[in-house]
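First the structure, which I've put down as structure tokens, then a few questions once you've had a look.
Letters A, B, C and D name the chains as they come in the text, with residue numbers starting at 1 for each one.
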């Protein structure tokens, strides 16, 4: 079927290619004409602006938006004027699910359906397929099923979940209609919250492995430095790249994130290309906020979120105040860097 | 080659079967004669006690111990009297790596080598193979390589880590000699610490999904109850079993633990067979202690550990004290259960 | 001066009494006529409804609202119709600061000023005075200064902060104009977030002291139970009530919350009157949300918040899922209660 | 009575002065002769080495050790050769309580009693008195009671705990015999664990107040940056020094640590003298380890401990790995510093 794609960044462009490989027609637009031109070379129909894109789509239209969360609102507003009753808009980005509810309500009176679709898979999705979490109107979701099915990975070679038999549930093919408006991004939000937690679990563990030899290093002896409890117990030089490798096979903690970790550590076990300022792009925050608003304990995922803030220097004043208090009550001076 | 196995519980028995399938000879012992008899039926040589087991092994012997951490010391002591120079003992259980160092030092003067081997894979290991993390003497590790190779999963069908070419590194086959005595259990310890974190990440996320409909429930309005911030935003009834299923395909958080979660939730999305008292078996604790002793921040993994303690009621007095303080300063009475 | 007080619960009634002791006239209303009558006996002017209360106040009026956060909006709406330009409304409860901004904007066109005032002190405030954190219009705050000064504790006997000399800053008297609309409740919100953290710090510490004798108790030895590392090291029976007492004098952790803890533990060191279901009333949640929205790491305060949720059973499904995963990969059965 | 003091640093020297003010005789030693000479000028008897110190004390001797935890063992060893049956040694520093048990056992056969005394109060102790938590032999503790009473603050002006009447319990005077050997340092250890939690609670809260104006700053709009949820809600410029001041009076979070915070912030609200590398000196670590060893949840105090590690750069590799994973799955490049 025919789909309009707005936003041809890393994700949007790859999705168009996957859709075209599956035989779908794509009309594409991006504020960067080069991105449009690149996909035109691969067979897509380029559009010069939103009006042009809508004009090139046969009603009832299906338009997929793949832009940063902060600009979705503006795009929806600009797009809406070119749409008509029966059209469907999908926000496939990382938007806040409460915004979806708002957009859907706003467009409903004009007969335009707004779907939200959480899309996981990153830069590997073109090849592996994307995991899709969809929210919104039943009929609109049903109409776009060919698109969802083409983007999703399909059943693949994974062993089937115990007890599942017969025809595949769409969830087994990699796409799921999670509920009414916002439900898709809600599930994607929690997905990303979990992702932060998983990533932090590996990161903390590998950091500890790196410190397994700390007992053989010099250690200050003064009242400002905790004595190293047991130097003899920390004499290992662990090859973290090989540890990541061995854990990929047969261990309880095998995962795709671990596969990626093995890639990164094999390339450079020192990770010297990275400074350690870790971004967060919204969903982790929203997950923790949803937990707080619903009274759900989320200590692990939230600790992972805060660690990202701290990695960017955001604990600085708190840490200075700790040093100031120590100086106040104990006359402790801060240890300076050697 | 020939291996003696002491401890024929869930893990030990399965490992013997995997070894025998690969053509190795196993002499087996357990305090439960039925466990010995069962493996005899499958082709193992049964032993009536440790002396008998050692007598049935041709020197230089290889003996694998697979018993709870709390009884390893006793078994090693009783076993040692029947061993001689050149023999190798492997502790394949979940022992504390500092105990390995101690055992290895104790046996060294008699020419007996003590290896430590962290073994991951659980009840699935017989079929999938076990991920092995090994510590100890180079020569002894080399001698037992056929055993390790047979227990490990092998390269399997996993895509190879980017940049790895040529013959497989043993880590790619699922076993790794991590370093001197204790290094295997050190790496396994951290593995389990990570496992706690990963499990908690999924558990918290699914718990939040379960609360996505809380806005449609009754909510008390009084000074003791935080107002639900946005009831309209929490109106979803999420099918958690299908969410686990869809996340298995193409998502960033796909993992073996998620596969297992999908199994459990498909069987019963209410998990009513479980009361939620979560055990911990040592390695998670040791991981956090190692982090503290080395000055390594481990907030996420340690939060996961503490949540297990709390699940068993261990925060009760702390919580009572919080209520008591609230009563003291604010005259707040505890809310009673409805 | 004259003040109208709406809401005569624990806080409102005590504040009226403190104000009257300082010579101020109070017109009071509550939906419970008995609460009005009680204060009338002490010299307040009772009102039968909001209209009556406003009629009994001489313009420009000052009205203080002291009701649960969840009903402030309704009260403000009902009250506003009886007010006129020049009147001032103070929300002295535990409202969300973003609601203050909204209320203030709504009332401004009618010339009615809306102040927000965070009020700390609990049931002890009548005697000790209340700590007041105020937000809103400068001129309105200035006009109500006699009220704030009477409610606040004054300079008291505390040693003055090093470097402060001359006339007392209002902050030294216990009230502070923190900024424009919402600033008072913002500061109070953070105050309560800190309060959660402080309370949790004491609660965790005393819980640990209670477990100092755990080494002398029975301990299971099986693969599901972490071995107690060092029973000899945990043989103390600590008298927690006396520990609270000694810490009140000269220690770095002396505080008013510790004084209250000493009260509670001296009365009953088992705290058997409390079940340990700990309420939270909003500000702790908003503090963590503000941290997340601003990208500020707040791991300690947020862990304290989540512990309250968990104390009320909200981690149950997460814990069940952990047990289910353990069963899936390791065949572990949950330990049942003895 | 007569007391020998070994270690005349910040704490030791002040304690000698407080003891002499109360009429006790002190024989003092330090490896720095200038520290000895200074106290001689104030009336103490100087000693040139441990032998000299012991010679100048009349048996049965009382010797107090006030040195960094890492050197206590050496001092005890060197001191013991000069002592005899009936003598008492007190370790008043921040030692690990398990070391106390060891020292006490070692000295017992010679009739030498070893007491452990946790000492809180910091540089203010000389004037305010020290809070003392004592462990060890009953008879030895009783004999040194005049020393403990002189060091402790006494009852002071604090309101008495509700229900306490009649003669003061020693705990009300600021010293407490907590139990057998190690109990004093155990209680002191938990005290410091709580201290870390309290400090972190304030530090996080003030850091959040500092960010209350973040909505008026520039904010990047791209896929790597979480959109600031509500800029209008974060427009405050909070005067943190005055907030600390107002919270000292009548608020639930008033404490001595807050008094010190007010000092520090009034002096320089930017805290520019501090870089934010926060030391930890052992007890916080031991508290968390004790919690883990006993299965006691301690999430808040442990998060506070880990934040100190992180403040010293110890999360760097973990953070780099997070960035590396993000790059692997999403092609995300790290944001560079502006």
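Annotations for the structure displayed:
The rule is simple: a residue touches a chain if its C-beta (ideal position, glycine included) is under 8 Å from a C-beta of that chain, and two chains touch if they have at least 3 such contacts.
Each chain and its UniProt protein: A, B, C, D = 6-phosphogluconate dehydrogenase, decarboxylating.
Worth saying up front: this structure is predicted, and the values here are computed from it rather than measured.
The interface with the greater number of C-beta contacts, when A-B is set against B-D, is A-B.
When chain centres are defined as mean Cα coordinates, B lies farthest from subunit C. Averaging Cα coordinates per chain places subunit A and subunit B 28 Å apart.
The geometric centre of subunit B is 43 Å away from that of subunit C, both derived from CA atoms. Taking each chain's centre as the average of its CA atoms, subunit B and subunit D sit 37 Å apart.
Counting only residues that touch two or more partner chains, subunit A has 122, 200, 202, 204, 207, 226, 229, 252, 256-257, 263, 280, 285, 291, 293, 295-299, 303, 307, 310, 314-315, 318, 329. Of all residues in subunit B, only 9-10, 68-71, 94, 122-124, 199-200, 202-204, 206-207, 210, 221-227, 229, 256-257, 260-261, 263-265, 271, 273-282, 284-285, 299, 303, 307-308, 310-311, 314-332, 334-337 touch subunit C in the complex they form. Per the touch definition, subunit D reaches subunit C in the complex via residues 97-98, 101, 120-122, 125, 128-133, 152-159, 161-164, 169-176, 178-180, 182-183, 186-187, 190-191, 193-198, 200-202, 204-205, 207-209, 211-212, 214, 226, 228-230, 232-239, 242-243, 245-259, 262-263, 266-267, 287, 290-291, 293-301, 303-304, 307. For subunit D in complex with subunit B, the residues that touch the partner chain are 252, 285, 288-289, 291-293, 295-299, 302-303, 305-307, 309-310, 312, 314-315, 318, 329.
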